[in-house]
Amino acid sequence: MSRPSLLWKFYIAAFYIFLFAPLLVVAVFAFNASPFPSPPWKGFTLEWFIGTGSVFGKPGVLMDPIWLTTILNSLKVAVPVAVLAVVIGTVNAWLLERAEFPGKTLFAMMMLWPLVIPGVILGISILAFFSRLANGLEDFLQTDIDGLRPGLMLIVLGQLSFILTIATLIIAARLRKFDRSLEEAAFDLGASRTRVLRTVTLPFLSPALVGAGLVALLMSFENFNTTLMLVGSDPPLPITMYGQMREGATPAINAISLLVMVAVGGLASLFALTSKGDR
Amino acid sequence: MSSSTDLEIINVIKRFGSYNAVDGVSFSVAQGEFFSILGPSGCGKTTLMRMIAGFEDPTSGDIRIREKSMIGVPANRRPVNMVFQSLALFPMMSVGENVAYGLTCRGVSRAEADKRATRMLERVGLKGFGDRRVTALSGGQRQRVAIARCLVLEPTLVLLDEPLGALDLKLREHMKIELKQLQAMFNTTFVYITHDQSEALVMSDRIAVMNQGHFEQVGSPRELYNNPQTPFVASFVGETNRWSGETASASGDAVTIRLPSGATVQGKGQAGKAQSLCFVRPEAIALGTDQASLGNAANRFEGRVSAVLFDGANSSLLIDAPGFEKPARAVLPQAGPLAGIGVGAPIHFGWATDSMKVFAA
Amino acid sequence: MMTKRAGLKLATAFAALMVAGTAHAAEKLRLLTWADYAPKDVVEQFTKETGIEVEITLSNNEEMISKLRATQGAGFDLVQPSQDRIAGPQAEFGIYKPIDLSKLKSDLFIGSMLEATKKNTTIDGKVYGVPHIWGTDGLIVNTKAAPAVADYNDLCAAAVAGKSSFRAKRPALIAFAFANGMDPFAAYKDVKAYAALMDKVGAKLQECKKNVKFFWDGKDQLLNALRSGEVVAAMAWDTGGWKLNSENPDIKFIAPKSGALGWVDTFALPAKGRNDDAAYKWINFNMRPEIAAKVAAAAGNFTASNGADKLMQGKLKDQFAESFPKAAIDNIKWYPAVPAGLEEIEGKVLDRLKAGS
Amino acid sequence: MKPAQRLTLFLLMAPAILWLGLLIILPHVEILILSFSERVAPRVYQFGLGNYLEFFTEPLYWRTFARTAIMSILVTACTLVLAFPIALYIARVAQGRLKAMLLLMCLLPFWVSELVRTLGWMILLRETGVVSYVLQSIGLASQPVELLYNDGAVILGLVYGGLLFMIVPLANALESLEPSVVEAGFDLGGSRWTVLRRIVIPHAMPGIVAGSIIVFMLTVGNFATPVLLGGKNGLWFTEQIYAQFITRFNWPQGAAFGMLLLMLSSIIVWAGLRLSGQSLGTTLRQA
């Protein structure tokens, strides 16, 4: 294309303003000394972060056990999801890129499927199936298995169902770039299979492993649709936020959102740093 | 050269489905020998090498190293090390760590391994490179690291899988010589795979020419060049003129062949009943300004220069002559009366009967 | 290096979480309840007295039932649905277990209320719920901005166009049925008649919809809208109205002409509760007058505890007196138990209301 | 294959089999079965098509369904139109650091939770919100303007949410267009418009299809944005599913709705791929 016209440039600028406007207002109104996250500006305050509740009737998010437990719940989901996604994703990537077995094409197709299923449907189908499974096991074992009922365990499984696909794709992409003669060379030089894995293959994959882990962490942290259907008595962050938003927005939600943005920004730049070593 | 054999391949067959990639190959390599396997891509030479290294199992036959059968011995237990086509240097390790890798795998202590690796790097001319990243090396240096990484393990046999393929021409010429020198210095047995006949001819003590899964001929570079045993070897090793025609007469090994366009040529070899192939090296073709300057060569013709292919010492001429459907190729004379000859100039050319190899078609 | 350190941190965080997760092995009561029904100081006192920790999940009627339905009554030890929402779901899904009344101190309850609730929640001779908190649904009106609003139908008047609100839930259906001269409770027995009645109510609400700013969902959402003046009249719970009244005397809770709707939230045991003893302890503890008074104050509602009203603050009493003259109290329509299957009819009417335009 | 190798392969396949079997296939079989069970009495169910019949006979449900589908297509089209100039700029005009930065800036908002972004729009659009406030203070409006709780707000929110998933595949596709091809287009006398229409857009087709499919799927399956930004008149089909499961406790009906939504999104994806001659694998890889 030849030189961009002024109109085009103007459009680009407007677009980026449009893109950041919602995030900006969320961040700004977290510091507004008003019980509502809306104009006019009533002065700067940190009350919504560290307030004790004496000013607006609600404590700041860092002092409020509701927010702290919900963040803890999110971590209880996100960390196992990330760990499992990386471990199983690595195995899956190996199957995709290295192994030969009948039905491999079908397997590769099936693996992509979860990305095409709307999150709500993933949620309800897992809820319905595990409910039946739990009922069946209960009749059989005469005991109820908590993990199969709505709750953190089921959320982990529900999120894993599609995050695994993404983790697998990230790791498989890196594995595809791997020169297999490196492994053969190590083997040829006398290394055992496990030593080859430890000293050559995993170090090569590590940027993708860290990347997949971070992506899984982020996706788990922000997942809403699937989680909503599987939540039990301990809601992760997006569910609590949703509940509070339906109750009517308060700057406390802005404050927690800003914290989320900062955390996500941090993780994303960590990801950018690790994937730079990729090239 | 010692008479003990380092490597012995006995009737090895490798079958992939119904396709025989390696079809009954036998040979042996003596201690300290530089042995090359030369063949076009897809001839099975890489499969053969991978069987020696231990990455593939032969369907039948035996592979012996120093008299010990290697069947069932995994690659990491064989006294064989390989220099890969891609070199396969570990990008996540330094040069020194690359060289020390095999030693640490054997349980040599870290300090001892480092010491030996440093010494080995010195011997291959990479003193002080131990802490560099392998990505920071030039092509030739990487080559030497790959070889050092094998040699430090003092293997019985080093396998090299077209390691010069990725280098540019100048460096490749240089590395050919260096490889040969390294091999002589360490006196380690090298088995070298290539599709580049000049690499094989320059470096090897002996060469096996491989085609479609089997060996066509095994011999010294000179034997292969001067006395090819099969039409494949004759055409694959070195530049050559190749014609085919009807067998006109044959007595003993002297054969007369009539080319389809009418010319009659005489050579020596095994004629076919009806059709024969004949090969003449460009350097065997004598050139002259008149009939007389060709002396008493049995084959004498007259034609015109159709092209001058100037390439320094490898320059050649293409000559169109009545009776030949393809132009004849000869070495361009760069001195004497024919120096400076141009396209379209009339020329006389010919060769002796002994210079033309004849095979049954 | 970066990655190694990051990995290590992750691992430690993970380990810490696991440890934190297992350290809490103390006896626990998992309570599924409404906002403000378990104030912090009450919970702390209970834990101090009994050593039992209370894990609270906040919810509403539909979500309570759907959670229990999803788990077949597991995951909680004590729940607090409204008394009319026990018999139907119990028949359909079997999510509750009968209450052993001998473990409760029945003299702690207001006798008539206990009897009424027992009657409504009895299936096959077993009782499934006992009363806890009660209150009414009526109108919250900004009397300055909308002086004319006196009944549910007035929410649809032109005077409050675009500034009224109600919940798109079953109380609205019941309320508008009464306001338009129908008796939905009498129609409970006859599914067909009830469906016809609901269709009429649905049509009425559909008409009213253009007047509505939004169908409110959460209490705070509505209160904020009323505070800011975005909404001037709404059908809502008495407690919210009284709360706003304390902030702004113009905003009042009004018992509508056709009658406020009276509800009772109960204690019920989920079918797979694991700690019934703790649940009974919590019920008995909560019905003690001094505790019940605290809870009632926090929730802004009234309690079924016998004698607690004597301990309550004067303000709420005054507000109640203002909202409910004697006639209005007699006119309160108490929900009878909803027979199974009716909610489907209502659900569809509500869906149409929400989707149609 | 040797038995040991076979065992290793099997062990390595076990997690994938468990994953796809227990978390994907069996749950879908379960909702399929569930969607065919009709309630006849409390706790008594029988096989039947009732739940699907209900969908087709109750205008409320199929209208919500059609509305969701049509609005999703509209959102996809809007996203494409809005994103194309941006992707073109990133892929073909911007260079070096500017390019990396523009792309990164597109990515960043999307790593933040959908709820946070929606909250931002609520603060901007509500009656007491920023836009209304600005309009009043510069005198363009005399009283608060309500911009929230209508279809426009829902479309805005959904388009915003879909942008990234359109820009990235588009930019990828446009990136691979040889500059010389475009130059040749101009050289042979094409105007800006003809070059765009005859050369650039056909080349970007795989990206357009990939982006459109992903945006469509995300939109049709969205839940929070329509619920939070939508008004009293609009229901999204996922809300119907949620309502059947959570507020109505009618799992079989919700399962039938779920199957219908799954079918809708599969059919549209399939049709999109068919019309443009792309395959799912390459499309997803493109994204």
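For reference, chains read A, B, C and D in written order, and residue numbers begin at 1 within each chain.
To be clear about the criterion, contacts are C-beta pairs under 8 Å (C-beta built on N, C-alpha and C of every residue); 3 or more make two chains touch, one makes a residue touch a chain.
These numbers come from a predicted model, not from an experiment.
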Q. Which chain lies at the heart of the structure, taking centres as C-alpha averages?
A. A
Q: Report, in whole Å, the distance between the mean C-alpha point of subunit A and the mean C-alpha point of subunit D.
A: 18
Q. Using the average of all C-alpha atoms in each chain as its centre, how far is it in Å between subunit C and subunit D?
A. 36
Q: Could you give the separation in Å between the centres of subunit B and subunit D, each centre being the mean of its C-alpha atoms?
A: 60
Q. Among the residues of subunit C, which ones contact at least 2 other chains?
A. 228
**Q.** Residue numbers of subunit B (touch at least two other chains)
**A.** none
Q) At which residue positions does subunit D touch at least two other chains? A) 128, 245
Q. Of all possible chain pairs, which ones touch?
A. A-B, A-C, A-D, C-D
Q) Any idea which subunit B residues touch subunit A in the complex? A) 53-55, 74-77, 80-82, 84-86, 88-92, 101-102, 105-106, 149-150, 153
Q) How about subunit D: which of its residues touch subunit C in the complex? A) 42-43, 58, 60-61, 63-64, 127-128, 149, 231-235, 240, 243, 245-250
Q) Across the complex, what residues on subunit C touch subunit D? A) 62-63, 65-66, 69, 89, 91-94, 168, 209, 212, 214-215, 228, 230, 340, 343-344, 347-348, 351-352, 354-357
Q) For subunit A, which residues are in contact with subunit C within the complex? A) 36, 72, 75-76, 79-80, 82-83, 127, 131, 134-135, 138, 144, 146, 149-151, 206-207, 210, 213, 232-234, 243, 246-248, 250, 270, 273-274
**Q.** Interface residues, subunit A side, partner subunit D - complex
**A.** 1-2, 4, 8, 11-12, 15-16, 18-26, 29, 36-40, 88, 91-92, 94-95, 99, 101, 107-122, 124-130, 132, 157-158, 160-161, 164, 169, 218, 221-222, 224-225, 228-229, 237-238, 241-242, 245-246, 249, 253-254, 257, 260-261, 264-265, 267-268, 272
